[in-house]
Each structure stands twice: as C-alpha cells, then as structure tokens.
Amino acid sequence: MLHNIAVLTSGNDCPAMNACIRAVVRTAVHQGVHIWGVHNGYKGLVNDEIEELNTRSVGDMIQRGGTFLGIARSGEFFEEDGRRQGYENLKKHGIEGLIVIGGSGSIKGAATMSKEFGMPVIGIPATIENDVWGTDYTIGSDTAANTVVDAINKLRDTACAHRRIVLIEVMGKTSGWLAMTAGIAGGAEYVLVPETKSNIDQICEEIRADYAKGKKYSLLVVADGALKGMGVTTTELGKQIQEKTEIDTRVTVLGHIQRGGSPTVEDRINASMLGEKAVLAIINGKKDVVVGFDTGMVVEIPIDEATNNRKTLDTEFIRLSKVLA
Amino acid sequence: MLHNIAVLTSGNDCPAMNACIRAVVRTAVHQGVHIWGVHNGYKGLVNDEIEELNTRSVGDMIQRGGTFLGIARSGEFFEEDGRRQGYENLKKHGIEGLIVIGGSGSIKGAATMSKEFGMPVIGIPATIENDVWGTDYTIGSDTAANTVVDAINKLRDTACAHRRIVLIEVMGKTSGWLAMTAGIAGGAEYVLVPETKSNIDQICEEIRADYAKGKKYSLLVVADGALKGMGVTTTELGKQIQEKTEIDTRVTVLGHIQRGGSPTVEDRINASMLGEKAVLAIINGKKDVVVGFDTGMVVEIPIDEATNNRKTLDTEFIRLSKVLA
Amino acid sequence: MLHNIAVLTSGNDCPAMNACIRAVVRTAVHQGVHIWGVHNGYKGLVNDEIEELNTRSVGDMIQRGGTFLGIARSGEFFEEDGRRQGYENLKKHGIEGLIVIGGSGSIKGAATMSKEFGMPVIGIPATIENDVWGTDYTIGSDTAANTVVDAINKLRDTACAHRRIVLIEVMGKTSGWLAMTAGIAGGAEYVLVPETKSNIDQICEEIRADYAKGKKYSLLVVADGALKGMGVTTTELGKQIQEKTEIDTRVTVLGHIQRGGSPTVEDRINASMLGEKAVLAIINGKKDVVVGFDTGMVVEIPIDEATNNRKTLDTEFIRLSKVLA
Amino acid sequence: MLHNIAVLTSGNDCPAMNACIRAVVRTAVHQGVHIWGVHNGYKGLVNDEIEELNTRSVGDMIQRGGTFLGIARSGEFFEEDGRRQGYENLKKHGIEGLIVIGGSGSIKGAATMSKEFGMPVIGIPATIENDVWGTDYTIGSDTAANTVVDAINKLRDTACAHRRIVLIEVMGKTSGWLAMTAGIAGGAEYVLVPETKSNIDQICEEIRADYAKGKKYSLLVVADGALKGMGVTTTELGKQIQEKTEIDTRVTVLGHIQRGGSPTVEDRINASMLGEKAVLAIINGKKDVVVGFDTGMVVEIPIDEATNNRKTLDTEFIRLSKVLA
C-alpha cells in the first residue's frame, strides 16, 4: 500500500474541484496516508510548489468554486525534461502516486509522465463540457448547466418583452452536452451542437412561421464548437438570422461565468465519491486509470482509452429536445 | 396503440411535476395521441374534473414549482365505489390509460383501480424523499437537496458567529436520503436518519471534545423520521443536546419550503425523460408499471413491487459521510 | 378627477416593470378608475393595441422579469402624425391620462405628445442604468446590481484559480452607477466609468506590483460607456492589459442577462410605491411630471427637467470605492 | 484625532456585518489609524480577546454572512465590574474609541460603559428586524427580506398545488418591518404585525369568500411579535384558521435562516458607508452617537435617543399592502 500520494488540479477550473480535493485529502487521512497538494498545476509540479495537506487544509471548502490549489499552464511539462523534473520533485517528497483532477488533455499529460518514469497516476474527470470518454459525468457539469439555465431564464424575460430572437453561446468545443442539457431544461426552441449539422435557413423559416402564429420570442442555445464548420461566430450568426427573419435578434456570449459558482449538490456528492474512489484505488496499487461513472456506478477507465477518445452527445438527448420543443 | 390517455398528480407536490406533465403532454401530442389532464388528483378524478390538454397548456411551465393540475386527497377514492366512479369518468371521455405522477401511496391507489376495473396505469415516482422502491431517482429530490443545502449554508453563518450547535430537521419519514445527501453536500458534522440508530450521548461527547479543540460550530441534519424510536421531537432533542453539551443550541424545522421552488436542471431533464417514457410505454400497451432509473437507465418496475416496498438509504452514503465529516 | 387612464412600458425592459404595472392597475381599481394597458409600447399606441385591465390581469406578476405589456420601438411615433394617431387612439377609448414606465428617452416621447395634444402624462423611471435626472432610484437597478455581483462572484472563482486578470463589461452608456455599485459590492479592484478618465498604464503598473506582492487575481468592472473616449472595446482593452502586465487576462461582456430576472425586494417595493404614486397624481390632475425618489422620499420632477438632463454618478461612490479597494 | 480604535459585533448576527467590519478596517487603515478587533462581542471584551486587524484580515469577507469576529453574550458586562474590565482591556491596548455593530440592546451596553468610564462609543445599527430608532435602515434587513421572499415563493408553489392556506412566521418582536416588506414584495394576502391588531375572524371570512370565488391559496406572513396579545403561537393560529375556514392550513416557522446568507448589494453598500462614516466620526472626536440613514442620507443619532426608543412600522406600508393585496 502507498503511504504518500499527491493531488493537483489542471486544465480549466470548474465548480466542485475543491469538493473533490477535500474528499481526496480526507479519505487519505482516514486511510492513514500522507497527502500532498501540488499548487498551480503542472507549472507548480515542475517548480516544486508541493506541500503536505491535512483535514484543516480543506475546511470550509466544499461550497467554494474554483480550486484553492490553483492551476497554471506549463510549457516545460510538454517536454520530457519538464516531466522528469516534475517526477523528481514528487520523488523528493517520497510521493508514490499522483491524482490529477482535470479534463482529458490535463490527465494525458500526467499519463505521459507515468509512462516515462513509472509514477502511478489516476485521473478524475473535471470539466463543465462533460466530454470525457468512458464516463457519463464530469465534475462541474451539473453546476454549469444550472448556471446556463439561470442565464436563459433572464434572457427569456427580455426576449419576451421585446419579441426578440435571442442566441446564447455556451461552452462546448467538441461536445454539445452543456448546450443541449441547458437547452432542454431551459425550454430553448433550438440547440446548435457540434455533433449535428444545423440548417440555419430552415430554422429561420420555422421561426418566421412561429412568429406569424403569434409566438413571442425564440431562444437558441449555441455550443461554441457548433459553428466551426459554418465559418461564422455566434455574433455573426445572430446578424444573419436577423436579416433572414427580419426579427430583432440579440446575442449573448456567456463566457467564463460558466466555470464559476458554488457547486450544486450533485457536483459536490459526485466529486466527493470520485475523490474517495481515486484515493482507495491508487493506495491499493491501481495505476493509469480514470475514475468515472458508467450508468450510475463508479468505474475505472484505462487512462489511454479515456484520453485518446472524446465523448460526444447522446443522440437520445437530441431526439428528446425535438419532442419537447 | 392507445389514442386517449390521461395524467394526474397526487400525494405531495414537488419540484418538476410541471416539467413532467409538460413532457407527458408534448410526447402524446408528438405521437398523435389525445392527452387529458385530471385536476386536483384523485378528488378531481372522482368528481370528473377532466379536460383535454394541448402543447399550449404546458407552455412556460418547465421552470415552475408545484403542479398546475393541482392535488387533493379523496376519501372516496379509498373506497371501491369512489374508484369505480373515477374509472367511469375516464371511460366517459374515452380515456384508455392513466399516468399517475406522485409517491408510492399515490401510485398504489391507481394500481388498485387498475386491478378492479382494468384501466392500464403507469406510475411516475415523484417525491423529494427519494424513497420509491426500484428507482435510484424520484422527481423533485435534486431540487429539494439543493434547497436544504442552501438553508444549511445560511444556518452555518449564524452557527459560526455564535459558536452554536444547530439542528436542521428535513423531510424523510422512512428514508434518510434527503438528510444524508444534503448533509454530505452541506458539510454537516452529523446526519440522523431513520435507517440507523444514533447515539446522542456519543455525539454530545464528540461535539464537546471538538469545541475543546477549538471547533466553532456543529451542524446536525435530522430526517424527521429519524427520532421516531427515540420518542422526542427535533426541538426536544435540541434541548437535550444543549443540556448535555452546555453549548448554545438552536433548532430549525425547514418544513414545506423543501417542496417548492423552481426545479434544477437534473430534475427538469429526468422528469422530462420519465414523462416521455411513460407515454411511449402506455400507448404501446404497457400497464401497471412504474418508470424509473436504475443505474442511470430508464427502467420499468412492476407496480406492486414498487408500491409494496420502500427504498432505504444506500449504506455507501452513510460510510462516505463518516469519512468526509 | 380622471376616470380613465392608460399605462405603457417603453425603452429597454428591466426587472420590476411588471411589479410597477401591477401597482398601477391595483391602485387605479382601488380608486374606482378604469385602467387601460397599451401593448408593445409606442408601436402599440400608434396601432391601437389597447385593452382594459383589471386586478386579475396582474395576478402572479410581481415576481416576473420583463413586462407582460411588451415593448416595441416605433418609427412613426417619432413623427407628429404618429403621435397624433397615438393621442387619438387614447381618446377613442375615453382615456384622459397616460403613465409611461421607461427610461428618459421613452418618457420624453410621451412628453412631446402631451405638449402637442394636451394628453396628461406621468413618467415612472425604469432603467437598470439608474441615470434618470432628479431621482436617486430607477426601477430595475437594484436587481441588475445583484445580477452583476453574482456574475463577479463566479468570475472571481476562475480568476483566482488561474491567477488571471478579469474584465467584466456591464451596462452604463453615460452613467457608471451600475458598474460602480456592483464593483464596490463585488469587491472589484478597479471600476471604469464614463464619469472619470481612467489611466490604464497606471492601473497596469499597480496590478503588476500587487501580483509581485502575491495578489492572486484582479477584477475590473467596465461600464460600456467608459471606453468611448479611448476608442477601444472592452475586449481590446483586455488584450492591451495582458500585453502591458504580461498576466493572463480574460474579458466577459455580461450583456442582456443584466435586464432580466425576478426582481429583488427593493425593486418590487419601490416599483409598487412609484406605481401607486403615479396613479394618485394623474387622477388628481397632476401632469407632465416624473415620479421618483429624492433622499428616500417620493417626489415629482418636471418632465422636461427629468428628460433633458442625465444623472451621473455620485462622486461619493468613486471616493468610497478607492477607500475600500 | 484618535490613533487607536476598536470594533466589535454584538447581539444577533446578520448579513453584511462582515462587509461593515471590512469598511471599518479599511477606512481606519486609509486614515492611518490602528484598528483593533474584539472577538466574541462583550464576552471577548471582558476577557481581552482583542487583536489588531489589517487590510488582509478582511480580505474575501464582503460576501460572507455572519461575523468573523464572533458574538457571545456576557453576563459580566451587565455588571459595572464587567464593564470596567472591558474598559481597562481597551485602555491596555491604547484604544481610545469603540465601534459597536449590533442592535439597540447591544449598542446600549457600550453606551453605559461610555458614560461610566468615558470611552467614546459609536454604534452601527445591524439587525434584520430594522427596528432601530432614528434610522430608516439597519444592516442585514435587505438580505433578510429577500430570504423571506424566496421562502414565500417556494411556499406559494405548494400552497397553490394543494389549495392550502399557508402561514409563514418571520422575525419581528416589536417591529413588523420584515414581515410587511417581505409580505408586500412576496404578494402575500395578509401580513400580521405587532403594530396593529388583526381580526382573525374577519380574515377567515374573507379567505372563505375568496376561495368560494375560486381563489387557489392564501398566504399569511406573521411577525413573531404579532401574536403576543392574542396568546397563541403561529402554529396554534394555523389550527384555529383551519377550523374556522375548513381549509387545509400549514405553518412554516422560518427561523434562523433569516439571519444568514451572502448579503445583497444594498446591504453591502450601506454597511460599507456606515462603517466608513463611523470611523471618520470617532477619530474626529464624535462620541456616543449611532450612525444611520435618514431619508437616504447618513446621519448621527444621539446614542440614548437611538437606544431608548424603538422604531415601529411606517403606516404608509400598512396602507400600501392593503391597496396591492
């Protein structure tokens, strides 16, 4: 059994990363294992910003957004020398295993270090885009979806008052999960996602027809990766729609508020369960896996499989959104 | 395939019942089936408060708490004559199947009518207590858990300011799910649930020891069914704890605000999925089942099995709460 | 005393317009006066979209964002012929006075009609920018300020996690009230407002010095009118700051979510008080005034004075923000 | 000019006490004055729990509920010997003036010490009940009103679903401000306050008549001091109303969640203004006053006048609530 493990956060921050770190620390302490925190992600790993944590370190943390360990990109860690430096820093503290909380790309970085130098790594998927292969859920996605729906509710008020078309751009480079989930829950008329091609002309015709029948507004949720093929920004798309429909159209790019905020109950609970699972797995000799949920149960996915693939949207959702719209 | 179905809400209202009705109506319309709404639950069924619904009936509904169909207890429906009257009212409108949204008890009532008169019934589990057998999830439970955690956050502020012990009583007659989920997510020190016996003397000793070590407050979440065996109310328990610990103690009984509020994304999505599933099942000849989620997938549970048993708390949660506290 | 009055909303919608309409309607009914609602603002006035309202028309309205009467710009109303048409439509229904809920520009339009045709008009200031001359308060401003602070809290989480500089652009063409109020309440380091010239170079130097001392993030709130003189957008300013400070910088343009949302208690109460006051004033022969608050008391401002001037930020606030930052 | 001042919080905690302490500290530092914090209120004053504060002490504080200085009742401080001890502890640290943040009773305690030993005292009114004489506003009242309205919204959902009468008990021993403000803003049908006698029989008759006309629910907000004369608790009143109306009635006692939560913008801004004002006043030789708002402007009220009287509800509000109901 391992007796010294470390945890770091990497990639983009998201809600409940702190809840996950808290569970990692308290589970380790509960198991009698020393737990170390790496500050500022891979940059801190290369620069040896590593300190031991204890139960108090994570008090009053479960409800906080962001990550108290901090995150910073590291050019050096993309090079073998940088990764060696990180490995040696861990070894210097007697650390025998590393837990990485972040998205696919971030976990992949540690996986490479593991291959090169034999440091056991376990990844915990944390990204509001919920696009990590092999797991139904990623930390922060539930809070982000509720944040987007809150914004949709506010935009509906003003859309309805002015009988406008409103486009709201949300995060989702390759996966439309956040856009689709928030779109269905927010009662949006259309959701544009990277997984399917949208016919703007047809949408405009439908909207015009709906307005002719007395509809007061129309809400479109646009994943920021959905327009890649179309070569327009969401703002430009808004202009096109206004020209085609001759209906006043507004665009809101929601931006970074999607990453912040106090986490929901689901994110706190799931982040806690994954944090505990990761610690129990790594101290018992598991290595190079990502812990996640598959049909509701905690599972382990080989780290290469999880990081070399990208999860896309369940087509069930796309169908459901059309039935309910 | 059926061409006329009805939907009613029964038992205690909870968040996302409206989102579920909306999905039932829109799925039926999408399938070309007539959908009828029964107002005021079983009382309205006996009194023939039945009208046809359409897509417009459920516009601007997904975000609303409560149930626009209303709920009312009916003494008559407990008698066979009352149930016959309800059955005949449905038949009078040409209705061939009934969807009931509510808790176990409510679904059981319709199941009895189904047995007696052959009206196909499908139940959709909706209760903030998440205690329906055979399903991991019941409609409204996620919103209620977030409402309780919001209250815990407010109580922590004042507990901490006055170095008090604070007890918060939440709903949970036979299941501690809501108390435990909110307790873990809210970072409560103790959670008292009906599934396990709590040792108050030991809790008091631990709290005294923690205060001696400088702890500033202690939060206990109490499911209202947890004290049944102890023959005290939560308010009386608070007095006992104050006497035993000699620490200022306060009790808040959260009450009916747990049942209200705009539903979370998870409740809106799940309520929509169960609503759609119930319609597809009943129009295709399924009968006398409850639709729910088992390890993340939509499943059908025989209605007697679902209503003659009561789900209790996953012991995994109890263990996790001790590790994280 | 007048026996028939009308109300319309104009300009940009904002929270608590519905609460104000509700108070106008209920006060009129309470006074035994017929109250008419003009749909879709001045466009509806010209097109005679006018119907009588009653207590039921405004049930379940106080908590809703937007305006159920709707708002639409009208080119015609900018012409005397259009205003004459609007005047005649009011007369046709026997309406003797008009209450306009909106910003300065909107109230000015009705004031002109009043001068030309003698229709008594009373304005109720409603704009999230709180820039109407002669009143300390405008409807919607308190809710908008809370919405901005909620966004600032979310942005702080991610700014702190990544040690970033974050700029948030909020509404405020000529007045920095919203930016400054939310900036102080949100604990922002800097607030850029139209009323004062900001020295970007100095700000960048200060931020670099603060980071050198260990500061983890910096938040700048930018009123969208603050950069007019500088000839840059907030997005471009963000790029400049990143170049000058060599610190990762992000920009969020908050946009239309600032106009929506369920109103706060203060906005509901003040909107109700102003609505009641406007009705009592107009039915008792007052005309061509704007009702507002001066040092906490409801007052009447001559409509020309209120619409020909623009209120700017209390310098007291600018001073306070520097003390607290 | 004074060079050493102290601040303490006393009485019951409320939202934005931390925002006020923050403004006191930062204003003092900005003025080059040493600022000391007394932990645990008067108990800490007697026990010399006093430490110097700086700008960092109040970082990340403006958004937090409660008070990081803590509050504790002190029997000793009710005695002259205890107050002398407190005075001597202040002197020992060279402290020349004391700022007390709390309700009337708390401020009175310091006023007595001031009379006896000549320590200059300035009070800052902080209580959710907004019942301090001479000021329109007390810290925390705006946040508490929004918390109550949030609860009313949730209770309306379930009241409407079940066609129930719902009573909600809120804080207000001698002043109905919180009940009335939240009642008007929440659209409650009735508000029971200590300032006026309520006729329960008449209320019951009106409710029965409204239900006969098709009303779906009725909400009563009850200030906990309103029933003193009637010799019943809110729970007992609920039973009486159910018997008299024969309509299903529920009671929720909101309790301590009213004192917690992250403060609203108005509370943060006003608490900051009062904190700054108190420091500027005391260091410039002002003593034995309470700082507050009168018709929107910051004013000073003689401490005896402020603490020997109790503000009651503006009758304007009572009238307005009847017009809008």
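So that you can tell them apart, the chains are marked A, B, C and D in the order they are listed, and the count of residues begins at 1 in each.
Throughout what follows, a contact is a pair of C-beta atoms (placed from the backbone, for glycine too) under 8 Å apart; a residue touches a chain by one contact, two chains touch by 3 or more.
Small disclaimer: the values here were computed from a predicted structure and weren't measured.
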> Which one of the chains is farthest from chain D, going by Cα centres?
Replying inline: A
> Which integer distance in Å separates the CA centroid of chain B from that of chain D?
Replying inline: 35
> How far is the middle of chain B from the middle of chain C, if each middle is the mean of its Cα atoms, in Å?
Replying inline: 41
> Using CA atom averages as chain centres, what separation in Å is found between chain A and chain B?
Replying inline: 29
> Of all residues in chain D, which are in touch with two or more distinct other chains?
Replying inline: 153
> Name the touching chain pairs, would you?
Replying inline: A-B, A-C, B-D, C-D
>> Considering only the defined contacts, which chain A positions touch chain B in the complex?
In response: 22-23, 26-27, 30, 60, 62-63, 136, 142, 145-146, 149, 153, 181-182, 184-187, 264-266, 268-269, 272-273, 276, 293-297, 320, 323-324
> Which bits of chain D are touching chain B when the two form their complex?
Replying inline: 9, 12-13, 15, 17, 40, 64-67, 70-72, 147, 151, 153-158, 160-163, 166, 216, 250-253, 255-257, 259-261
